[in-house]
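One structure coming up, written as structure tokens, with questions to follow.
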């Protein structure tokens, strides 16, 4: 394996959003030495074959044509001093026209290139990716950070095989969402792909098989930033102590554009679906009273607050409660994960790994697996798996992942 | 390995305390089918060689001579209906006279057998253990659940070697605490020993070497029930996400006898010392603002509340907060751990393992290790190590513990 | 004014519910000296002309025909020891058949006496009240504690005048809800009436005028127990400190029968409507982001938890947050208020006061006023008004209520 | 009464502190139209005879000789944009040399003018006040915002009479604290005085009598900003509902200079003393388990967090809990109160009111009263009293304050 080409491009769907602009601005601030690497989960693995943060370039698509300085200013994540220091660089980036479709995301107000056929859309996306790669003379990763789309009917025959999907593309099927068009376009040209949103992207049999066929690394979906992160950390420990979870009531309040989209029932459903089974999986039984509420609450802006109330039964039937209140910042948690996901996908690509990269499950609420396998949700195990995977190069050929001990009940 | 002798005796120092009586009462309720095994961490490993909960017998020492029914009633952990169902069994148990010493625990009001020499005290303890073992025709484990004693001067020469310690016993040294006398007595007669309290027990070089010499399994110290449990669960995840912990402010309020003892500055110090380094160890750096407060607050009785406030810095220097409020019950969390510790020590004994059983670290705030090794504090890793250890019999000879990946920084 | 007749009867709609049974059981425990008067707001005013708690008798209607011992056991508010002490008295009370109507409350499974005409229903209610009064030889108060009914179309002409309402009764109008039938029946026979629920009862012009005509004291509606209580305490203080409320996010989780009813969207709407304007009234401006969530969450049973998050802006635009977490018990807060409401209505009746008793506003989320006047919502002012009103007898003829100072902005 | 002289000077002890600089900077921002009057409690009473915020001038003393721009920058309360807008004005103010004394405040590092005799110190303070008043051609108020001094032995004979105090001044008594010297100097020259700190200032019989003799308005002490504010709002409501407070556990974490001073046990004692009796007074009984913790916790800077846990018993002995978590900013809450206190004292002075102005109790944790009268602590009553007092001019001669109804138990 070589590390000659040390640069990397990240092409973002939804580049002008809060997470996208924060990722770009943050990278620029780090490159200028104005910020350190706090909050970047893999910063401490810098002796491995991951692209240096300083060598990452960004571009991408958006339905708004504001340059990134204007977008970042609107989101209010970075303060005016920070933005001033990188104003020129941000102003120099104006997103490419995005594919978007009101049928899949009612928040879309300006429908840039949807007048084209699906095949033309694929072509346009691939042209963007090629130009970007040539411009920076480096490989490119595509990552979806766009607003959540409505749920798609995944059992439809067109999503079951590569062939059927290609046919549907040819037919300009209205069932294919923009997120899927981006996924197809990337895989088709060998570009690693990640889905950081709850939208349906690569996660249908047709596209997973397509990625396996082409040996293109893919990962997703739905970045694990706040409350689900907390759940997958805490629940395995409650199980280890045999504290029975009678109920887990989760409320989220957030006030950014993402929050507004989630306030729409159709999008919320996509979100809650990806959260649903995580808890049961960590505990190994079905929690009867698991409730998740997500509310748009304007005073918070990009800040987000999660309030979790956990009711447990302990020894001799005694009831106890754990309440966790996480006052966090959505984009500040999400942006570094997006960057790390791109670096890991690039590493996978260099190693010629293709299909779902399961070792990256720690980054996602609904980790993609090959062959319909149940994903691992427990945070500590996920993290161990990632660390093992990152060290595989150094350990030459040692590809064994840390597994939970044998025996169906013997889990952490 | 055989499982012929299926019974087990647990001899408790501080039998009449809230944790001791809850352990005894809980076991009786389970044996009578009036309670299930919720809250017992190893209930799901019942196919292994651990003693069945139904086959455990209790006895022990206390400075109060109330029978266990009277004690349990005073503690108010179990309600009157539950106690009524096992009244006869509880009334039948009256603790043996305890060794106690006002120099080490100012809460001691009635100094039962301290007029005896240290050697005589050892003898009395050993006689109690022998009688108990003969009575139930089963091996016995000694576990310390007594009130916290003052800190001991651990660097004193008498605590450095087995020989020096024995000499000090002969000399009736005032530096030797009751907790140490119990530890010595147990090890000397081959009885496995655990210290569930913050007191100094087996954790001096002299006694650890003694346990190694005699090949007696020992474990400790300070049961990991509430806030430290939460810390060792959450902190590794913050590290994995590179969220820098700027401060961790922990407040505990509790209202039982243990709380009153901790309200005395000397005992509190023992407690806080064992909590101190745990967080830094989980994070791999020193947290500058780590504060732990423990307050006796009467309205709670045996209930306990922990309020943790965690200040973290994330990407681009942004500040976030996590607040964890744990409304728990001290004895309800502690009693099942005490039972599991005894079962594990018995397993170790059956396997002829001696000295500190490091695989049991998940149960303790300050895990005992051999040879001054840094203990593992991260909960998920500890739990994996325990599960691996429990499965060693089944896997015949596979004794490898799961380790954190090589490379000093590559941890979960 | 005389205090010759020292007894009082309380006739409860929904007698077998959690609040009703707790009120009855609590009174019995106090009468037997097994409980003190903690939690009874007017216990300290015992030198005034309020009926003694020991002299109160209960009866009422319910759609379930369990006796009160059976009902109380099901609700699980009181423990088995407490219930055992008053078993005989509780078993002796079996509710009268209730008026109920599936059109107004979908939770109603057994529609006892709805086959009768509205006029016959009125007659039946009045017969019950008369028998009860004769039996205890004392005046009676009717109080509605039944499950919340759907919202009623209050602008309908039949609810605007006494005459139109009577005509609608004659016509057996389907627009008249059971709660209104009870209100009419009570007022018509001179029985003071209170509505502790969010249902539409006396609070339409027709019935308020009817109460004024007949000079019957009435009060309501929707008992102020948990979160609204907190709001009306805290909001006036925020206003006094000029802390601008940008948002107030309220979440409630509760797990009793009432919670299940509220989980139905139609009933929830009635509830949220009565909560809506309270906050704005206390602050004297419209809070842009005021959100109220009520969720049925089974693990809590009769316990209830309110989590309020308040976002305020202070001096120089700085943002601050207040979070209030109230772990309460619904029936334990509500039952004593119901008792005090009855005592106050009896006092009003003795004083020959009729129509809405505004001095009782402290007990309600949506206080009833005469002549469409804006109600006072600020807790401290309401409490002062109540205390003044209670002292009017002693101060002979001094009927001036404490008012907020003149000048529209000069409020507490 | 006339309003000829429309300007007002505020002379602050501890001008360079976080509260002082925030008050000055905030006033400047408002005067420049860069901030509105949010957070200023009396902004809505602008039609009364209070000095307009635009007409207030500041000066004062400090032990550090940084100009106010430098000080404000260090405190980090205002951001750099806000400070830039008023840089010139802030740089133009450099505090006068302060009286300070290591015997009373161990945090004092630079003991500016303590080499002078007490009488000379009085003279210097009075010279400063005179020059300031002449410079702005307006009356001046002195307000103490300095770091908390140690407790003073208040029962000492020198503090009991004006004569004894003057004699002690002549004798250069070491028992007289700097805070007292400022108070004496102000009163002696007819300058209204307020003590916003927990230090012992005017609150000894000698100085209160002195203020009464000279008819100079004085007020104090210890600004009611955070947790005590919350207590005096919530506790009266709990009393009104007869919810018995079994315990109230209060923890504060804060990270500014004030927090460091309070971390010293002697200063903390002064603080906790003033908080102690407030709760009991609001409830009319002694709370057995009232605990107050104040901790210096660096990560918060000027932010402050209060966590209150309240254990109450309700009807039938049931236990409930209220937890209040106030994430506030110390100086942002305190600075506007300091400004309002000065405006009220000036109003009192214009009205020729002297001695303790009891109507100002709403601003203080330990309100000053005349003749050893028990102060009113309940927030809503205090606020009503203030509003009444403010309106006295308009209502010509109506000086009656709103009182709690007669009868010792009949309180809100």
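All chains are identified by letter, namely A, B, C and D, in their written order; residue positions are counted from 1 within each chain.
Assume contacts are C-beta pairs under 8 Å (C-beta built on N, C-alpha and C of every residue); 3 or more make two chains touch, one makes a residue touch a chain.
All values reported here derive from a predicted model rather than from experimental measurement.
**Student:** Any idea if chain A and chain B meet via the same residues, over half in common, or different ones?
**Tutor:** Interface between chain A and chain B is built from largely the same residues.
**Student:** Mind checking the rotation angle between the two copies, chain C and chain D? C-alpha superposition, nearest 5 degrees is fine.
**Tutor:** 180
**Student:** Could you state the distance in Å from the CA-based centre of chain A to that of chain B?
**Tutor:** Centres of chain A and chain B (C-alpha means) sit 42 Å apart.
**Student:** Distance between chain A and chain C based on Cα centroids, please, to the nearest Å.
**Tutor:** Chain centres of chain A and chain C, defined by C-alpha means, are spaced 50 Å apart.
**Student:** Which chain D residues reach two or more other chains?
**Tutor:** As it turns out, chain D has residues touching two or more other chains at 323, 325.
**Student:** Spell out the part of chain A that touches chain B in their complex, as residue ranges.
**Tutor:** By the definition above, chain A touches chain B via 22, 25-26, 29, 35-45, 78, 82, 229, 233-234, 236-237, 240-244, 313-318, 320-329, 332-333, 335-336, 362, 378-381, 383-384, 387-388, 390-391, 394-395, 402, 404-407, 409-412.
**Student:** Going by the contact rule at the top, pick out the chain D residues touching chain B in the complex.
**Tutor:** Counting only chain D, the residues touching chain B are 246-247, 249, 251, 253, 288-289, 291, 293, 295, 297-300, 305, 307, 309, 311, 319, 323, 325.
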